[in-house]
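Structures incoming, each one as structure tokens.
Two complexes follow with chain A in common, the first pairing it with chain B and the second with chain C.
Up next, the complex of A and B:
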């Protein structure tokens, strides 16, 4: 343990003495700052203290040195650990506080709260040096805590907990605090609880007119109805797909897979757009029905049903991906046991298979429910007069009369709904253990579906697959015609304008207008995806496998970012990270960060579902065999989590490419993203190019997903995946 | 690499383990000598697995200290304890071959692949599975998987080996063979071993010492012989070997002898006992005999069942002492159900324990 503590002390000292403390204008990686380290902007903290009179920075140095002295001087390991932890904690607290209090500009929220006089000396945002120093202090703290015997004395575990808690604190809580405070704030900047309560319970938000036949409902009720419908619908459809995929000998499985995966890789507003092309007042299907059946053209699409269909199209595949792992994870021997106890296939399915899948089903429902609540693209395109919370928040901020307080209130309402769902799910799943991948190797055969269940699955899933296919052919078609609805002659013009290349002076030039944003998007998504998977699965591991105080609070906080719609995250990031001590707006880092922390909960949920099917004795065996936690994670858990890992990677990559809601507040001309570029085109009425670009994005993501699947593959627990041939057993009725 | 002599003692001082409100181990102290094989025996839920997990470092003690090989390991993580464990559920890694499973502990501690696999092959040979290395665990029978788990633990040459019901999935014959093999390996390597089992015969067969647990406490610890001959409670008497428990009253106590009244007769027993008043007489089935003659220390009874087993005859009888189970050597004309007999107890073989409920 001592060795690890000294390593982190050294890291902290390096950050303090060698690397610029503040953000440098030319960035870090170009190393321009090496030119003149003594400049007030470039100086490491040590020089800041010595040359520029920023004495308050010395706190970190004192803490690091004191920790080193304690480690050397105090003999009893437990006492040394206790002192070191206290010192490191104080150093961390001091360094962060000075950053919040001694600021130069900005809303100075914390400054106003904590100090009454304006600060004399300002500082700019934390830079690489500050980050490294803080990291060093953090790990000195966590390692010392493990030395006190916490986390079964495992420095890796306490370190990961500390790191994730800090990251979530900075990138979820800190911005949310900014936005929450404004919900309590009056126009003059005072805080008023009564005002907040009256805002929160505003009948305009909670109106139930639509249920009792008097006008429309408030956005909260609308969102709730929509989310329940979407959660239930996507779970059932996803289950049907998953059962067909894993338990039948359906021929067109690969096709099914592709069809069900495509919607995930589609920017949300594209589905809305395609639905308009189909069912809008001048849509293809609308024209068809009015010609053949004389059905009146109407605007029914711009209502609950339009959004519902779009959300079902968008989110069913997510449920499918979650449930496929769950269905596969049900141990065949349990089903075989049931059959030998004289249960027929239907009874086995209802009494054994379904209950075993309960946590998975709950996870899928929760996902659909929250996705629906947070969905921004579909309601934006199709909303019309059906107001939901996420778009209302957006309009409260960018609308004619900006009303941040109302946006904040709506955000709290939304938070209450999603947290409620989260709690309900926990209750329903209970605390039972559902481990089905045990250390006892399984060699059984999955039970086939009973005829009834099979037909229900086919009837539900296949028409839906066909519908999805139609919606997508609309997109392809739309990208090749001159002007949708008017001039349907074939053209490649949209693609050339977006992705043309020229060879000038023997050099390949990307002359199309879309290339810039395309490359930026790919770059940011491929940095964000592995980080997301890493953070998400690590968190899942800690939650499932480790016991520590405050675990439920920890779980809560990691799920929190999922419960906040992208629009709110976007705004809160602008509020929080536009000013010191953490100035990130305008950088690519903020885009990566927003993707990681918005998509992390999916990795966590997927990881939890997968991991609670892995018997705990597997990692305990590894530990007692002398592997440390890190090795155990790498050699035992990660390989067994193959499917969950692929899902998390794929999902976060795709989400980084397709998401709009948060990005729309955070992108800059320098880091323009594909979706914001497309939205811009749509606003200019340039549908052709928008759709062509979307099609290219979809193809790109498909290619990446296939490559990931091939590379990371399936876990090999049984030599082959066998499905019992229909009609051979289970005939005992 | 884990080096060292491979011998280690295990000491618990006042160890308490609580899971929330559940107390899985009450204040418990014990010490296990190097090279000793100790079995933990006891009814389900009495805390056996918990004790193993505390030694392995998979759980942290709520209170108290744990020492292995003289070193305080209370706060040491499982990775760094020289302890290997064979799990109740085998816990073989399903994605690794048998050889990779066995070599795992060696490779993670830095041994080269080739060397580790050579040692793994030796380990597999030791448990009779040479040549199975390339298979996946799912391609082995339950018993073979169990032996792979044993091999995986043993190749590390740990200071302490922990086995949690290692034989529970084997058939009776294989169970006897594997337990003898484990005992042999344990003695060859001089491994301190803690062995959990439900099966008292197994415990008697392999142990240097048996620790019987009950309700999160040690009920009695001692050699198999001690436990059988000198149970300190009705629970132990009942649990270790078959015993008939008969209520009696202690009339006079001495250092070497005491007088008891049982079913109206007064008998002198050659054992010391602490207190006067109600107690229980422990009568082993082998130590009772049946005659047709009445006499001192004989009690009338009638035969309820008689079972002829070749090497012995088992009787269930009913009479003044309640229901008794008697094992008699085979004779030419055994008693039959319904016969009236006298059951004779031999005072020098009878034991006395306190009168307390034996349910757990």
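Up next, the complex of A and C:
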């Protein structure tokens, strides 16, 4: 342990003495700061203290040196660990506090104390040096804590917990508090709990008129009904798809696979638009039904049903991605045992297979529920007069009358609903063991589906896949016609405008208007996706495999950023990260960070579902054989998480490309994002270009997803994967 | 083991610092106009002055929210375009600063906007409020097109009118304020209640009704004429009506953000945006509103102010937050819940 502590002390010292403490104007990786390290903005903390009189930065150095002295001088390991932990915690707290107190315009507190010191000129945001130093201190702290015997004395485990807790704290809690606090404030900025309670229970929010047949419901009830319907619907449909893939010999599996995930990769507004062109009052399907059956053309789409269909399309793939790994993971031995005990296929499915999939079903439901609550594009386009929380929140922030208090209150209502769903699913999953991947020889044969279940799956999934195919043909069609919905003469003009290239002076020039945002988006998404998967799955590992105090609260806190609508996150990020100590607005980092922490919960949920199936004996076997926890995770757990990893990677990559609301306040001209570009064009009525761009994005993402699946998707759980032939006569394999 | 630690630290640190670039040597502009118009102005301004611009397009509501959140350490220098109300709100909240640009070449309404805001925002264009109808839909249903605000209350339009919700849309608020100024407050709310019986949906966004009308999803829309002209020019069967009782308008603004680090360049941009030269470029990219510079060429498609009965819109009164909140509260109570 001592050695690890020293390594982290050394890392912290390197950050303190060698790397620029503040954020340098020219960026870190161009290394321009090497040119003049003594400049006030380029100097490492050590030089800041010595040359520029910024004595308050010395706290980190004192803590690091003190920790080193304690490690050398104190003989009792437990006592040394306790002292070191206290010192490192103090160093962290001091460094964070000085950043919060002394900002760009000078000190915010302790004016008298800091008068006539360099503090009055203020300081800019933390840079690379500060980040490395803080990391060093953090890991000294966590290693010391493990030295005190916590986390089974495993420095890796405490380190990971410390790191994830800090990251969630900085990038979820810290910003979100900035905005939620306004729900408790009066107009003059005073705190008033009674006011919050009256805001929270406002009958306008919770109205149940639609249930008792008197007018409409409040947005909270509308959102709740919609979210339950969507959560349940996507879970069932996702399950049907997953069962078809893993338990039947359906012929066109590859095609079905594409159709089952394609809606996830559709930029917002496009599905809504396609649905309008199909089922709107003048839509193609509407016209058809009107001509054939004489059904009156109506605006039924602009209601609950329109949003529901669009959300089912958009979110079923998430349920599917979560469930397919889980369905695969159910051990055939259990099913065989059931059959040996004379259960038929139906009984086996209902009594064994389905219960074993509970964590997966719960995860899929929770994700669908939350996605539906936070969804903003579909209700905006198709909502009609069906008000939901997410759009109400958006317009409380950007509407004609900005009302941050209302936005914050509604966001808290939304969080309350999420918390409710979270607790309900936890109760439902319970504390039973769902481990089926045990590492023991497991050569059984998956029980085929009973005919009834199989046909229910086919009947649910296949029409849906056909429907998806129609919607997507419409979209592709829309990109090749002059004016979608009106003038359907063929043209390539939209593609040329968006993605035209020219050869000038023998060099290929990307002259189309979309290239710039296309490249930026891909770059940011490819950085964000692996980080998201890493953070998400690590969190899942900690939640499933480790026990520590405050685990439930920690688990819920990881869901926060996902559950809060993007607009709220966006504004809260500006409020929090536009000012020192962490000044990130205008950079690409803030986009990456917002994607990582917003999409991380999918990695977490998927990871939890998948890991619940892995028996602890696998970890134990690895540890017994002398591997440490890190090696166990890397060599044993990670390879068994293939599908969960694919789900997390796919989802975060795709969401980084398709999300709009969170980035509205964060993107800049330098880092323009594809979706904001598309939304701008849609607002401008320029549908052709928007759809052509979407079509290119869809193809790009599809390629990436398929490549990811090829590389990571396969895991070998058993020597062979067989499905029991389901025909009554003989085996058809 | 040692290697792993440093590797982990390096990965984390690089993730935190990747692409870390904060300040720009360029002028940072938020444009609340149409994308093409934003792009054209950027290149025209850079060609003329040599000042680099990084321009990004955001709606007025989004921009106002961002400017508010960034107050004290703004990353935006200039806010160009979009309806005037949010510009006036920003001016009233001290989020923008006087640009000290000469306004003598501008039309009266543009100067008035500068007067109201003490020079913090200046009018750049005028957008007239109007009614549009889908020719095909009305023909199919056999109903006559409306000509006046009062016509919209006629029961024959039941379920055919779409208009935005003034709580979320500045366009719809302009309509509300216009009717109040034309008919007087009580009469206006009575009319709005009656029109409300024909409204099929109060949309969130101000431009959505006309888009729906263009595709026949609704028969009639209320919105700004330049949006309607644009859709009609694309080929949709949309006809535009200027209500006979007179109609209101919005004035688009340009403002310099308070605390900008590039005031001189920002001022140059404002001067450029107000020049006849720049404002005459609009029609090239389908901008059909009325420019504020006297000498700018008026696009032939633009609604001609001389054929439209414009009211004397009182921005000072109806732009103030007290009036706004009072009218919207009344709208919520008397209009919103009356039907559907």
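Convention: the second predicted complex is superposed on the first by the 708 of 733 C-alpha atoms of A that agree within 3 Å, B and C clash if a C-alpha of one lies under 4 Å from a C-alpha of the other, contacts with A are read in each partner's own complex, and residues count from 1 in each chain.
Note that in this section contacts are C-beta pairs under 8 Å (C-beta built on N, C-alpha and C of every residue); 3 or more make two chains touch, one makes a residue touch a chain.
Not measured: the values here are computed from a predicted model.
Student: Clash or fit: chain B against chain C, after overlaying the two structures on chain A?
Tutor: fit
Student: Which partner chains sit in contact with A:626 here, chain B, chain C, both or neither? Use first/second/both/neither.
Tutor: In the superposition, A:626 touches chain B alone.
Student: Return the chain, chain B or chain C, that is in touch with more residues of chain A.
Tutor: C
Student: Which partner does A:639 contact after superposing on A: first (chain B), second (chain C), both, neither?
Tutor: It touches chain B, and chain C stays clear.
Student: In the superposed arrangement, which partner chain does A:503 touch: chain B (first), chain C (second), both, or neither?
Tutor: Neither partner.
Student: With both complexes superposed on chain A, which partner does A:251 reach: first (chain B), second (chain C), both or neither?
Tutor: neither
Student: Between the C-alpha centres of chain B and chain C, what angle is opened at the C-alpha centre of chain A, expressed to the nearest 10°?
Tutor: 170
Student: For A:395, using the defined touch cut-off, is the partner it touches chain B, chain C, both, or neither? Pick first, second, both or neither.
Tutor: second
Student: Pick one for A:194: touches chain B only (first), chain C only (second), both, or neither.
Tutor: A:194: touches no partner chain.
Student: For the combined overlay, can you note the least CA distance between chain B and chain C, rounded to whole Å?
Tutor: Distance of closest C-alpha approach: 12 Å.
Student: Using the touch definition from the top, list the residues of chain A that touch chain C in their complex.
Tutor: Residues 3-4, 7-8, 11, 15, 23-29, 104-105, 127-128, 131-132, 135-136, 163, 215, 276, 280-282, 299, 302, 380, 383-385, 391, 394-395, 397-402, 482-483, 485-487, 513, 527, 531, 571, 574-575, 578-579, 583, 585-589, 592, 630, 664-665, 667-670, 672, 676-677, 680-681, 683-686.
Student: Spell out the residues on chain A that touch chain B in their complex, using ranges where they run on.
Tutor: Going by the criterion above, the answer is residues 78, 147-149, 152-154, 437-443, 615, 617-618, 620-629, 631, 635-636, 639-640, 715-719.
Student: For a test of understanding, state which residues of chain B touch chain A in their complex under the given definition.
Tutor: Listed in rising order, the residues are 2, 56-60, 74-81, 83-85, 87-95, 104-105, 108-109, 136-140, 142, 145, 149, 152-153, 156, 162.
Student: Report the residues of chain C in contact with chain A in the complex, numbered from low to high.
Tutor: Those residues of chain C that touch chain A are 1-2, 4-6, 9, 12-24, 28, 34-36, 39, 54-59, 61-62, 64-66, 68-70, 72-73, 75, 85, 137, 159, 166-170, 172-173, 200-202, 204-205, 207, 211, 214-218, 227, 230-231, 234-236, 321, 324-325, 328, 337, 340.
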